[in-house]
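By letter and in written order, the chains are A, B, C and D; residue numbering begins at 1 in each of them.
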Amino acid sequence: MAGFFYPRTASGQASLIPSPPWFYSGDLLTVEYRTDPARVAELLPEPLTLADEDPGAVALIWADWQSCSTSREELLDPVRSQYKEAFVVVRCAFEGRTYSRCVYIWVDKDFAIARGIHQGYPKKLGSIWQTRPHPFGPAPQLRPGARFGATLAAGDRRLAEAVLTLTAESPTNGFVNGHPMAHHRVLPGIGRGEGDAHAELIESGASAFEGGQAWRGDVELRLFEAPTEELARLEVHEIIGGYYRQVGVTWDGGRRLAELPSV
Amino acid sequence: MAGFFYPRTASGQASLIPSPPWFYSGDLLTVEYRTDPARVAELLPEPLTLADEDPGAVALIWADWQSCSTSREELLDPVRSQYKEAFVVVRCAFEGRTYSRCVYIWVDKDFAIARGIHQGYPKKLGSIWQTRPHPFGPAPQLRPGARFGATLAAGDRRLAEAVLTLTAESPTNGFVNGHPMAHHRVLPGIGRGEGDAHAELIESGASAFEGGQAWRGDVELRLFEAPTEELARLEVHEIIGGYYRQVGVTWDGGRRLAELPSV
Amino acid sequence: MAGFFYPRTASGQASLIPSPPWFYSGDLLTVEYRTDPARVAELLPEPLTLADEDPGAVALIWADWQSCSTSREELLDPVRSQYKEAFVVVRCAFEGRTYSRCVYIWVDKDFAIARGIHQGYPKKLGSIWQTRPHPFGPAPQLRPGARFGATLAAGDRRLAEAVLTLTAESPTNGFVNGHPMAHHRVLPGIGRGEGDAHAELIESGASAFEGGQAWRGDVELRLFEAPTEELARLEVHEIIGGYYRQVGVTWDGGRRLAELPSV
Amino acid sequence: MAGFFYPRTASGQASLIPSPPWFYSGDLLTVEYRTDPARVAELLPEPLTLADEDPGAVALIWADWQSCSTSREELLDPVRSQYKEAFVVVRCAFEGRTYSRCVYIWVDKDFAIARGIHQGYPKKLGSIWQTRPHPFGPAPQLRPGARFGATLAAGDRRLAEAVLTLTAESPTNGFVNGHPMAHHRVLPGIGRGEGDAHAELIESGASAFEGGQAWRGDVELRLFEAPTEELARLEVHEIIGGYYRQVGVTWDGGRRLAELPSV
């Protein structure tokens, strides 16, 4: 049987996602803020612990992607290439190292969900929008005073909205999402009331990266309650900053940090 | 950490799906036909083999669902309850028993994808439509001569379309999807070029079932090629029949048939 | 040139909608309540005035439709037949008669928007959901105690949600939407700052109707603010009642009540 | 009553579209080809006639837009600003002048449909995708050899797909869409079997324009049949060329060319 992901077939043609490496071109709009570290700790299963420094730091990141496999063919049938996402990253510690960790994420395509299952991102479907820079007309260009909006909704409810007003070039694109990711990959047992059939802690990150000038700016951010979401529980106590950067990324697998009995 | 599926949190509120049991009300439009058994065999990884009788039989089933957890709360916020799906079922044998097996399936909600990952259904997103029976106006009622259409698209391409014209009440709703399901649950290893980190064969089926009168009818069916699908490879050699039935189903877990090294 | 609506072509095949009559099968979930009559009066352009009796009565109606033209062919390609809508109806008076009038409406298909332009319904796109009755499983049947939810969103924001709990059979399905509709059909002039190029007041209603037993029930209703909507301005002062009914309707044109210079 | 378009209210806040001027930033991927001029003539109602030169020339244009009103507020809530479209333009003559004319168009937002009703574009909903240029990662940059894909679907069927491979800078972005637009604005009469209640021929075009370097390239184009579309009837006899250009546009009304009894 061939095919990286399901459905597996003789040829592998129908697989929801092809084998890595996966290649990405995209725009990142990042908002970093501080919440109560106890709310971050709630989202860190053993053996993870809070990061030593600034443990309540959170990044809420919007990304507008074009992605493809080695064949590049998805780029020419862009319904299979383009997707948008919004995700929440915190930091944590494991065996003395600091990791980033995605605790919530929404995307708008099935292939992105499948990649998330492989990479340990807890992806749901959502409706994600962010202003794009453009050289002509009313859309903003990357320069001081430019304003970018970003919104997230799921289940027909708005969950978050942000406005970023660029102020200056920045040496960084934020720090919360700057470490290797430490993610759980978990599959509940098929039997009634069983624990997990599979649970592991894995590490991964970009295998190649290029990016343009990062920008920082002033941020307005609002989070909203919803009956099946807990994003708003990560209350905004203090805005750290906002950032905008265009990037190219390659992802080509990770490594297992620990096998776990159940999470 | 609480939550049946990801994301796991302190309360479990954000979990994409709650714990089973899961309850379903829905309408099934089924088309059964025969294809080349070799094309079915291609989709049966070891240790599965072709069914002894009628090994080329295929069921293409459209379903229009309302589903919920024990709380029933999803029914009152129906964006979280209602979804549609189209799926392809074949039969196979394992250790002397005959099983049904879903080889392709498309749904239109993320919670349905997540349930599929748990149950071993290889779910992708699609656009699925089927005529609904209705007591008034131009829509069909369940009686001879009533006509129901059903279509499936994914990636902005139509993949299948069927028209079912009811002819008579039927003692069955078809036979291909009538056995317990034998499904693989597979997670590729996170490392580059690794085999599967998790692979098992599981069995599951409805823990409770009720249904109305089944109807049979005449069928027109067309399958279409697409670059990322292999549905049309299950060529229609002979129509067996078409069926329509309204059902109520409960699903409450299954059991592991075999742990596998990799698939 | 042939074609009822645009685009007009030699054959008319591409017309977004075919000529009336149009036929509908559907389920109506109606919530009636009283608001400040001044808020209703704001939505009645000359020559319309408030209805004499109960002028603050409002109906918020969810409808789940299958619709078709005389050919019935849309029913067999249901992406062209099925749509959902939520709409707000008030009453008004014109030349001594009482009319119903749709002041806000959201649908989820383009053919429904086009019909609205013809009929004078001010249709926008929205995401509309309502619980469906079903004979099996967890979904409600039409009997006392059955509960139906209904929600409306547009622009990624939830605008309204209701829960209807059936209490008893009802001789009516409400009264606010029970009159012929008095609608404006307006097209702004193409020149900068011009008034309307076309403005008329028209009357229309069902040319044929059949329906099942109506039910009444208890209602919870919530309306939400949004930057491009004014639904929440029709504040809920007092719930009149909730209703559920399955219907079949034919629409086959109306008549002009008045030509207007501009509105 | 205030509000440029429906619904009209006391404040105008709920209007589906605000008053012009409207501002656009976007990317245009244009394919020009020749079809049988008789097929173009079929789409030109009186008093329009075929253009004198190259009367079978057709432009199929994909556009990826961010748009807004004078307030610019839509740019910061981009679900209200961003949309995609694909449209077919031919040329025609009226009173000795050559005009461009949009004969088919698909968009993915309701505000774009409403603008089309005002401007005379025969807009339907569709699913439209085109590769975006990006400075990093696998997406193309604007330079020789860069490849852009573009697809169009409606009603769950793919209608068109193109691949453009840039070859060189170009002094033009094509010629078919280069004239003022001559569009009909038509509203069928509300009475059964009536002719049009309103029919006029209008002219409009950009009131301001800026653009980057245009590129030309090699094109592959495929059109597909669908039961409610006639795009494929404009058969591709000869490819003229393909073009890519980023632009900023302002639209601020037009003028009436002729009032017509019915079309």
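What we mean here is this: contacts are C-beta pairs under 8 Å (C-beta built on N, C-alpha and C of every residue); 3 or more make two chains touch, one makes a residue touch a chain.
Going by UniProt, the chains are A, B, C, D = Acetoacetate decarboxylase.
Fair warning: this is a prediction, and the values are worked out from it, not measured in the lab.
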(request) If every step must land on a chain the current one touches, say how few steps get you from subunit A to subunit C. (result) 1
(message) Rounded to a whole Å, what is the gap between the Cα centroids of subunit C and subunit D?
(response) 30
(message) I'd like the Å distance between the centres of subunit B and subunit D, where a centre is the mean of that chain's Cα atoms.
(response) 40
(request) Mind checking the centre-to-centre distance between subunit B and subunit C? Centres are C-alpha means, answer in whole Å. (result) 35
(request) Mind pulling the residue numbers of subunit A that touch at least two other chains? (result) 77, 79, 127, 129, 151, 156
(request) Quick one: label the inter-chain contact graph as line, ring, star, complete or other. (result) complete
(request) Please give the residue numbers of subunit D that touch subunit B in the complex, ascending. (result) 127, 129, 151, 153, 156-158
(request) Would you pull the subunit D residues touching subunit A in the complex into a rising list? (result) 23-26, 66-68, 72, 75-79, 81-82, 127, 129-132, 134-140, 147-151, 161, 163, 210-212, 246-250
(message) List the residues on subunit C that touch subunit D in their complex, please.
(response) 1, 4-11, 13-14, 16, 20, 42-43, 45, 73, 77, 79-80, 103-104, 109-110, 113, 117-120, 122-125, 155-156, 184-194, 197-198, 200, 202, 204, 227-231, 252-256, 263
